[in-house]
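Some structures to go through are shown next.
Across the two complexes that follow, subunit A remains constant while its partner is subunit B and subsequently subunit C.
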Partner chain A sequence: MNYEISLMTTMAISVLFALSLNLITGFCGQISLGHAAFLGVGAYLAAMLAKAGVPFLATLPLAMLLAGAVGTVVGLTSLRVRADFLAITTMGVGFLFVGIVRQREWLGGELGIAGITGSNMSKLGFMLFTVLCAILVMALCVYLRRSWMGRVFNGIAEDEDTMRVLGINVPRYKLAAFAIGTALAGLTGALYAYHFQYIGPDSFGFVESITVLSMVVVGGIGSVVGVTVAAALLSALPAWFQFIGDYKLLVYGSLLFLMIRFVPDGMAGLVRRHLFKRRAEGGSK
Partner chain B sequence: MSAMAISPTAMPLLEVDKVTVRFGGVLAIDDVSFTVERGDLLGLIGPNGAGKTTMLRAITGVVQPERGSVRLSGRPLDGMSIERRIRLGMALSQQLVKPFRDITVADNVALAAGYRKTLSPLRALLSLSRSEELRVAGELLERVGIARHGEDNPAVMPLGVLKRLEVARALALQPLLLLLDEPLAGLNSQEAESLATTISDINAQGVTIVLIEHNLGEVLRICKRLVVLDNGRKIAEGEPKSVMHLETVRAAYLGNGAGDERHNRQPRGGDDA
Partner chain C sequence: MLLVELFTQGLVQGSIYALIALGLTLVYGLLRILHVAHAAFFTLGAYVGILVCNASGSLILGFAAAMAIAGCAGVITYRLAYQPLLDKPPFVALIASIGLYIASEEAFRVFFGAQGISFVDPPLQQQLLLFGTIRLKMAELLVMIGSLAIIFVLSRLQNGTRLGLACQATVSDPQMAESFGISLRLVRDLNFFVGSALAAFAGVWVALLNNLVEPTMGSVPSYKALAIIVLGGLGSVRGTLAAALVLGVVEAYGTIYLGKLLDRNAIAFAFLILVLMVRPQGLFSRR
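And then the complex of A and B:
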């Protein structure tokens, strides 16, 4: 039973992480290849605070705040560069984060931080709390999508120049997407630290950024339900098939490539097309 | 924006003051000045390459003039971003139509009509309802004559519908000043005439309009005043009929009577940016 609880917690954390990237990349169209860095910012802050004796519930908003602040600064680059260049820049930010963490003695250096105090909840309690967070963030995403902010994000993702002609302050909206998305990644990072009770620089590297991006792409860029399902399934894969753990970059990288090449709108797109086809057939009968 | 009281002062709505635009070594706009009064329907015309679209871009802020100033209701716009200028009461219907293709025609107009709700990200996040914007969108689609296409996807619509959509979307911003960049291009004569009439009606209802257009027949029919550009310079300004009778305008615009060096530029089509 312990194993299932732990797996469920891991899945919920992955869902949260993927939804946070989906907000930036899926909703607002700003690609990020360094999203794991914000997971790391949240995780490291939570780990340090937990070691200093700050209570669990107090560290979560602080982790969100710091990750969101760093994310907003990184988001500033999205005002200057677009598409491919933004991908490269955010990838650089990811490497920069790992590089810095490795060199800092007070952040545990290469060894990372071990023995992070738990959340004072039972394993089951923590799992329920994490799942609740995931459900709340899902609800937030669904709401956001339907709000005017979601409509503007959608327009920016398709054609930001035309949005400016419609009087939209595109830079502010992009920064808002980065702020919200990275703050949620910070929250996820804090939960990650409390769950695994050990963090190291390798937990937040390029492989993790690619993994989460492949979850978003497999689910269907922008689709809340699709991304949730894909993140839950893909995060459970390494638990079921041990060998995937050793070839993570290969597996998730190939998955990313194959999806973008053959099913660019992901599982959500497949389902949508299937339903549409059935409805069209039903209508013609 | 429309709520902004129209002050009774004699101040023109738009002032273009000695604007010069240079692209590298090329002088695209050379010291051009003109004003647009409230209620005007000004035709900005000239042969291809005269600098009309560049002039419009200097007004909207896409290009920065090297010298000179653009003022809206007396307020200098220099250095302001496009979106700020739009928020001050401008709207632009672009030459190349750019609808959002994954939402319907009506949704496109409603997106623009929600400009009050999208002023800041926070306000946008806290606003859900769209019924008012959809109602406005319905009215505007009716006004430009494509109400029956409201639920269609722009990706499969013909150019005639998209051109009107572009105008409806600009109108949804309730502008004081509407800038139209070749709204009639690509339409057949019947469509062009009906859209030109619509534009004239919109003007009659109080929207000041600057129109760039190659369809001279419609321009002469609906415009109240003309500014003629050639080679980046203003060569004439005034009543349409009298302007078109000026020898300099006939020479530049129609390419006859001014020597053969004008001739080789006439057949060029397409963008005059």
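And then the complex of A and C:
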């Protein structure tokens, strides 16, 4: 039972992380290839605070705050460069984060931080708490998408220049997307640190950023339900099938390529098209 | 003397970066695709080069085989992966390319093993002493001369032949070029062939310098080459060359003087972010 609880927690953490990237890349159309850096900011802060004896519930908002602040600064770059340039810049931010952490003795350097104190909850309690967080974030995403802000995000993703002509303050909304998305990634990072009780620079590198991106792409860029399902499935697959565990990157890479090449709107798009086709056929009868 | 030695090491590294980045620039100039999977041909070239050289004993044959096979693989990749995505937004092709690259890295691991392979009898390892002060390996000297020569020849071909002019015309206005009877297909295939062959060329040199080929040898150059073409002002051959050499030298000094602060890869990207914030159009772009 312990194993299932641990797996469920991992899945919930993946879902949270994927939803946080989906907010930036899916809702607002700002591609980020360095999202794991914000997971790292949250995780490292939580780990340091936990070692200093700060209680679990107090570290979460602090992790969100710091990751969101760093994210807003990184978001400033999205005002300066667009599309593929932004992709390269955010990728650079990811490499920069890992490069800095590696050389910091007080952050554990290459070895990382081990023996992070737990959350004072039972394993089951922590799992329920993480799942609850995931559900709350899902609800937040659904709410956001329907709000005025969500519609502006969508407009920016579709056509930034038109939104500008319409008199929308595009920079402010872009920064808001980055702030919310990276703060959620910081929250996820804190949960990650408490769950695994070990963090190192390699846990937040480029591979992690690509893994979460493939979750978003497979689920369907912008779709809350699709991304949730994809993140849960993709994080559980390596544990379920030994073969996939051994060749995790081969599977993720191929999936990323095949999905974007043949089904660019992801699982959500597939399901939607299928449903609509049925409905249309039903209507014509 | 440390300064001079660091400078030459930087130039050696820079000329390898230039060879890799050149192919990326050709592809970006033509199709506006950030071709991350380009580094897969760098690794592929290194493997083919080392295997053929070990089997036949001839380094030249190794180079030829590596460039031919990687070139063809590049064209096939373009046809299968990128051609159908040309009318989609640019990040679609970028994501496809990243997926392709990660999968190919793992495929190399599965096919050739994780621990890497080396030359049985590594050629060109003699030590040279230039101007009485600079110590270099033969291979290091040749890679500098070779990459500069290739880039020079390429730019002459681009300006002096019909096909080269056709390529340039396609870059500036594909539709107009097509209506003047230029085959877009031919130009694009040719670009992928030349670019991938250059990456393979660089791959064999790196194999010679380190006497080791690993599945992951392409990962750092692939992302760094992206940084280089952005610094060079996307699509400009001369800018790419300059940016590659500058980055090689900056890294060589940075590793010594900033090593406590940042690691080698982070230096490249810190430099990139800094430049992009000040000049979003790249370091050497005239736009």
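Please note the rule applied: the second predicted complex is superposed on the first by the 278 of 285 C-alpha atoms of A that agree within 3 Å, B and C clash if a C-alpha of one lies under 4 Å from a C-alpha of the other, contacts with A are read in each partner's own complex, and residues count from 1 in each chain.
Throughout what follows, contacts are C-beta pairs under 8 Å (C-beta built on N, C-alpha and C of every residue); 3 or more make two chains touch, one makes a residue touch a chain.
All values derive from a computational prediction rather than experimental measurement.
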Partner chain(s) touched by A:Val152 [first = subunit B, second = subunit C, both, neither]: first
Which of subunit B and subunit C A:Gly92 touches, first, second, both or neither: second
Partner chain in contact with A:Tyr173 - subunit B first, subunit C second, else both or neither: first
Touching partner for A:Leu124 - first (subunit B), second (subunit C), both, neither: neither
Which of subunit B and subunit C A:Leu57 touches, first, second, both or neither: neither
First (subunit B), second (subunit C), both or neither touched by A:Leu136: neither
Superposition-derived comparison: subunit B or subunit C, residues of subunit A touched: C
First, second, both or neither for A:Leu275, with subunit B first and subunit C second: neither
Where subunit A meets both subunit C and subunit B, residue numbers: none
Subunit B-touching residues of subunit A, taken from the complex the two chains share: 143-144, 146-149, 151-152, 154-155, 158-159, 161-162, 164-170, 172-173, 176
Subunit C to subunit A touching residues, read off their complex: 32, 34, 81, 84-85, 88-92, 94-96, 98-107, 110, 223, 226-227, 230, 259-270, 272-273, 276-277, 280
Subunit C-touching residues of subunit A, taken from the complex the two chains share: 31, 33, 77, 80-81, 83-85, 87-89, 91-93, 95-96, 98-100, 102-103, 206-207, 210, 213-214, 217, 247, 249-250, 252-261, 264
Subunit B residues within the subunit A interface of the complex: 60, 81-83, 86-87, 92, 94, 98, 100-103, 111-112, 114-115, 117-121, 123-128, 130, 169, 173
